[in-house]
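Attaching a single structure in C-alpha cells format; questions to follow.
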Amino acid sequence: MTISVTVWGENVHENTNAVVREIYPNGMHTCIAEGLALDPEIIPRTATLEQPEHGLSQAVLDQTDVLTWWGHAAHGKVDDAIVTRVQKRVLEGMGLIVLHSGHYSKIFKRLLGTTCSLSWREAGEKERLWVTNPAHRIARGLDGYFELPNEEMYGEPFGVPEPEEQVFISWFEGGEVFRSGCCWRRGAGKIFYFRPGHETYPTYHQPTVQLVLQNAVHWAQPEATRWVDACPNVPIENALEPLVQKGATLHKPGQSGFR
Amino acid sequence: MTISVTVWGENVHENTNAVVREIYPNGMHTCIAEGLALDPEIIPRTATLEQPEHGLSQAVLDQTDVLTWWGHAAHGKVDDAIVTRVQKRVLEGMGLIVLHSGHYSKIFKRLLGTTCSLSWREAGEKERLWVTNPAHRIARGLDGYFELPNEEMYGEPFGVPEPEEQVFISWFEGGEVFRSGCCWRRGAGKIFYFRPGHETYPTYHQPTVQLVLQNAVHWAQPEATRWVDACPNVPIENALEPLVQKGATLHKPGQSGFR
Amino acid sequence: MTISVTVWGENVHENTNAVVREIYPNGMHTCIAEGLALDPEIIPRTATLEQPEHGLSQAVLDQTDVLTWWGHAAHGKVDDAIVTRVQKRVLEGMGLIVLHSGHYSKIFKRLLGTTCSLSWREAGEKERLWVTNPAHRIARGLDGYFELPNEEMYGEPFGVPEPEEQVFISWFEGGEVFRSGCCWRRGAGKIFYFRPGHETYPTYHQPTVQLVLQNAVHWAQPEATRWVDACPNVPIENALEPLVQKGATLHKPGQSGFR
Amino acid sequence: MTISVTVWGENVHENTNAVVREIYPNGMHTCIAEGLALDPEIIPRTATLEQPEHGLSQAVLDQTDVLTWWGHAAHGKVDDAIVTRVQKRVLEGMGLIVLHSGHYSKIFKRLLGTTCSLSWREAGEKERLWVTNPAHRIARGLDGYFELPNEEMYGEPFGVPEPEEQVFISWFEGGEVFRSGCCWRRGAGKIFYFRPGHETYPTYHQPTVQLVLQNAVHWAQPEATRWVDACPNVPIENALEPLVQKGATLHKPGQSGFR
C-alpha cells in the first residue's frame, strides 16, 4: 500500500536569495519530495504558496495522506481559508509534518493553540539530535544520535503543549537544547514537528534527515476511517435506553444546536 | 492569598427565555459568581457579552487569575480580537474554566485546536458524574460520584485532544457516557472543562457543582511567573559557549525573525 | 508480514467450573486464539499456567510480537521470575494486551506501578462500550458503540496511570462507567487494556470483541528495533566533544556503575 | 500550613569515601534537609538506610507529605517490604522526589515499571539545565537556565515512561542531553525526578538546586484526600439503577474477589 504525500513549500527564499537557490536550485520542496520518493511506499507531490489555493485545493487534500509544511518568510501570506481547510483535513485524519521555521506557520499555531515561540541564533553551529525513544517508528534505522554540521539554533522554552511522544532532543554547540522531534494527535490526525531545516544549509540533502522524514510519513499516515465532524442531536425516541422527556427544553424537536 | 476570578456569561437566554429567567433571575453568571464567593479565598466579579469589550478589557484580564466561560447561543458574536486577547492571557498563565456549551466557544476551540464536537440530547435526563481521580484538587471533598436529576446529555466522541488529567466521567440515563471533567495545560495556563450546566435546569444552584467550581478555581490559578511570549534572537557574541559564525546567514545582526 | 501472537490463559475456571467449561470447552485461550486467527496476518499460539515456565520460555517470548494475558483466580501462582522475563520483553518491544480480570495480574501491576484496583459487580448486566477515539487503530471497523448483553461490571476509579490514549469508555446498566480501552507505552512496548471478558459469559465468541482484539494486535506490534537495556559508561576519551577530567571521581576507568 | 518532608539518604559514600565526606561531613541527607529548611513552610526530617526499617516506619510515612530519595551504591540493600510500604504510601498521596542516582532505586523502578536506564560519564563536566516550562511550580523563581560547574553526565535515552510534564532538560559539556526534571502522577501521588546530585560534587550546597528542591516539595504535596486502595464489590441490591441478576455467576454473594 502506498502513502500519498503532499510536500508544501513556501518557495520564497529559493527565488530571492542566492545562497538558498544554490543549495536548492529546484526549491526546497523538490528536494524534500525527492528524499521521500527514495522510499518506494511513498508517492510525493509538491505544492507551493504561489499556486492557486497555494496548491492545496480540497481535491488535493482529499487525496493526501500526509502533508509536510515548510514556510518561513511568508507565513502571513497563507490564506486563512486554506488554513481552515487544512486544519479540518488534519482533524479528519491527514497526517501533518511541520518542518523547522514552520513552527510559526498559521496551521501549526492553529492546531496547537499556543505561541509556538522559541529562542534562536543563526550561526551555522553544530546540532546533535539525540534519539530519546529508540523504539519509535520515526527513529527506525537510526543510531543513538545524528549530527548536522551547520544549523540554525532553536532553544527552549518551546511554546507548545507537552508533546505526547518525544523522539528527538537537540544539543547545540552554543549551549542550548531543544525538543526537536515532537508528536501530537489532534482529532484523527497525527502531527510531527521536526526542527532541522534552515534554508541556508543543505539539511534536506542529508540522508539521515531524509530517513527521518520517510519514517515520519509512515508514522503519520491515517490509522482508521476518516472522522467527519458533526454534532448530532440524538432524539429522545432514538435513545438507547428507555427515556421520557423531563423538564423544560430550549430546542424544538429536530432543531440543530447552536454553533 | 485570594484568587481573582472573572465569571463571563453570555447572558442571552436569561433575557429571552422565560424558563431560564425564572431559574437564573439575575443571570447565570451571577449565580456562578455567588457560588464561587462561598469560598473565602475566591474574589469573583462578572463580565457579559453586551458590555464594552464583552467586559474583558486588558485591565480586567491583567487582574484576573482565573476566568470562567459560559456561552451557548451567541458564540459567533464574540469579537475575534477579544478571543485573541483572552488566549494570550491564558498562555501567560491565567486559568480558564470552560462550562457546558462553552465547548463550542471560540476561545475553547482556539486553545485546543480541534472541533470540540460531541453528540447531545435535551431530555432532562439523569446525569451521574463519577470521580475518576479522587486525589485531584478538583475532586477535593467529593465522594465517589454525584448526580444531577435533570441535565442535557452530551455523548462521546468528544472532539478534543486527549485530556492530560481526567477528573470526571458521566453516565447518562439514556445510555451515553462523556468525559465531563478534563484538564489541559497550554502555555502557562491551565484549562478545565466541566460539562454540566444546561440553562433550563438549576445546575449552578447545586452545592456539589459549586464545590467543583471552587475547587477548579484553586487548581487553575497560576503556579509561577507570567510567561511573556517572545522569540528572542541570541546573538553569537552572547552564546553561552564559545562560538564563531559558520556558513551563510539569512538575517542581518540584530534583525528580528519572520513571524 | 505476519504478527506472532502468544495467547496466555490461566486455564483454571475452564477446568473447575461447569458454566465456564460449557462456554469455553477448549479453554478461553483457545477461543481467543481462534478469534485472532480470523485475521490472516495474525499467527496465534497459546500458552497456559500449568505448562513448564507457564508456556513462556525465553524462546517463546523472543518469537512473540504481541502477548495477550487473561488470568483471574491464580494471579498469585504466576512465578515472579516469569513475570520479570515478560516485563523485560515488553520493555524491549513486545506488545501486551491485558484482558478483563488481568487488571490484577502481576505483569500489569508490575508495568504500571499502581494498584490497578476498581469496583465490581457480577450481575450479568448490559455493558455498552463507546468509542471515544474513532480514528484509533483499535477502533478500525467499529461504529460509535457496541454492546455486550451480559457482563461483569467494573467501575471507576480505575487505579492506573492516566491512559495515554483512551479508546473505549463503558456504560453499565447498573449505573457505573469505566475506562474500558486504555493505551500506554512502556520502554519499547505498547500496552492495551481491554475490559470485557468475564468467564461466565461468551464474550470472546462475540465478533466485535474479536475484531477489537485483532485491531489491538496490529496496534501493539513493535514499531522499530528491539530496545536492549543497558546503562553504558561513556569514557571521557570517547566523548563527542573535547573533554578533560575535572574534580574527583567515584568510579575507576572501565568500572561499571552501581545497580 | 506546613509540609512534612522526610529526606531519605543512603549514607554510604559519606562514610567510605573521603571526597564525599569532605563535601558532606554530616551526610548528603543532612545537607538536603538543611536546604529545604530554608523554606519556612517545609519541616524536614531525615532517615537513612542503616536505621531500623531504614527509618521509614509506617508511622513516619503516615506523617510524611513528601519523601525525597537519594541512593546509589546500596539500592540492593533496601528491603523489599519497605519498598512496598513506600509505594503504597505514594499511591495514597505522598509525594516522592527521586534524586540523581536514585533513578536506579527500587522504589523508582517499582512505580514507573521500566528500566530507568541511561548512559553516564563521571568527568566533572559542566551541566546547564534549561527550564522548558517557566510556568511550572517547580521552576518558580528561576531564570531561563542554571549551571552546575561539575557534574556527572547522564545521557538519553532515559528508560522511563513519557514524562507528563517536562520541567528541565540538560546540556552537557561533553555533548549529551538529558531530561533532567520530569513529573509523573501515580495513584494519588506525584513523582518528580531531578537529575543533578553526584556525591563527589557539592551540588546540594548550591542555592539554585536548593530552590528547585523547595519548589518540588510544594508541587509534590498531596492535593486532596488520601486514596485508600480497595476493590469493593457493589452488591446488586445496592446498584444505583434498578438491576436484576442475569446469567451465571462465579462469586457467591458477599464473597470478595480474587487478587
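We just call them A, B, C and D in the order they show up, numbering each chain from 1.
Keep in mind that, in the parts below, contacts are C-beta pairs under 8 Å (C-beta built on N, C-alpha and C of every residue); 3 or more make two chains touch, one makes a residue touch a chain.
This structure is a prediction, so every number in the text was calculated from the model and none was measured.
Listing every chain that touches subunit C and subunit D alike gives A, B. Of all chains, B has its CA centroid at the greatest distance from the CA centroid of subunit C. Measuring from the averaged C-alpha position of subunit B to that of subunit D gives a distance of 31 Å. Separation between the centroids of subunit B and subunit C, computed from CA atoms only, is 36 Å. For subunit B, residues touching at least two other chains, in rising order: 128, 134, 155, 157, 162, 164-165, 175-176, 185, 187, 227, 240. Partner subunit D is touched in their complex by these residues of subunit C: 13, 17, 19-20, 72-76, 87, 91, 101, 104, 110-115, 117-125, 150, 153, 155, 157, 159, 161-162, 164, 173-176, 184-187, 198-201, 227, 229-236, 239-241, 243-251, 257-259. Across the complex, subunit A meets subunit C through its residues 93, 128, 134-137, 139-141, 145, 164-165, 185, 187-189, 219, 222-225, 227, 240. On the subunit B side of its complex with subunit C, the touching residues are 128, 130-134, 144, 155-158, 162, 164-166, 169-172, 175-177, 179.
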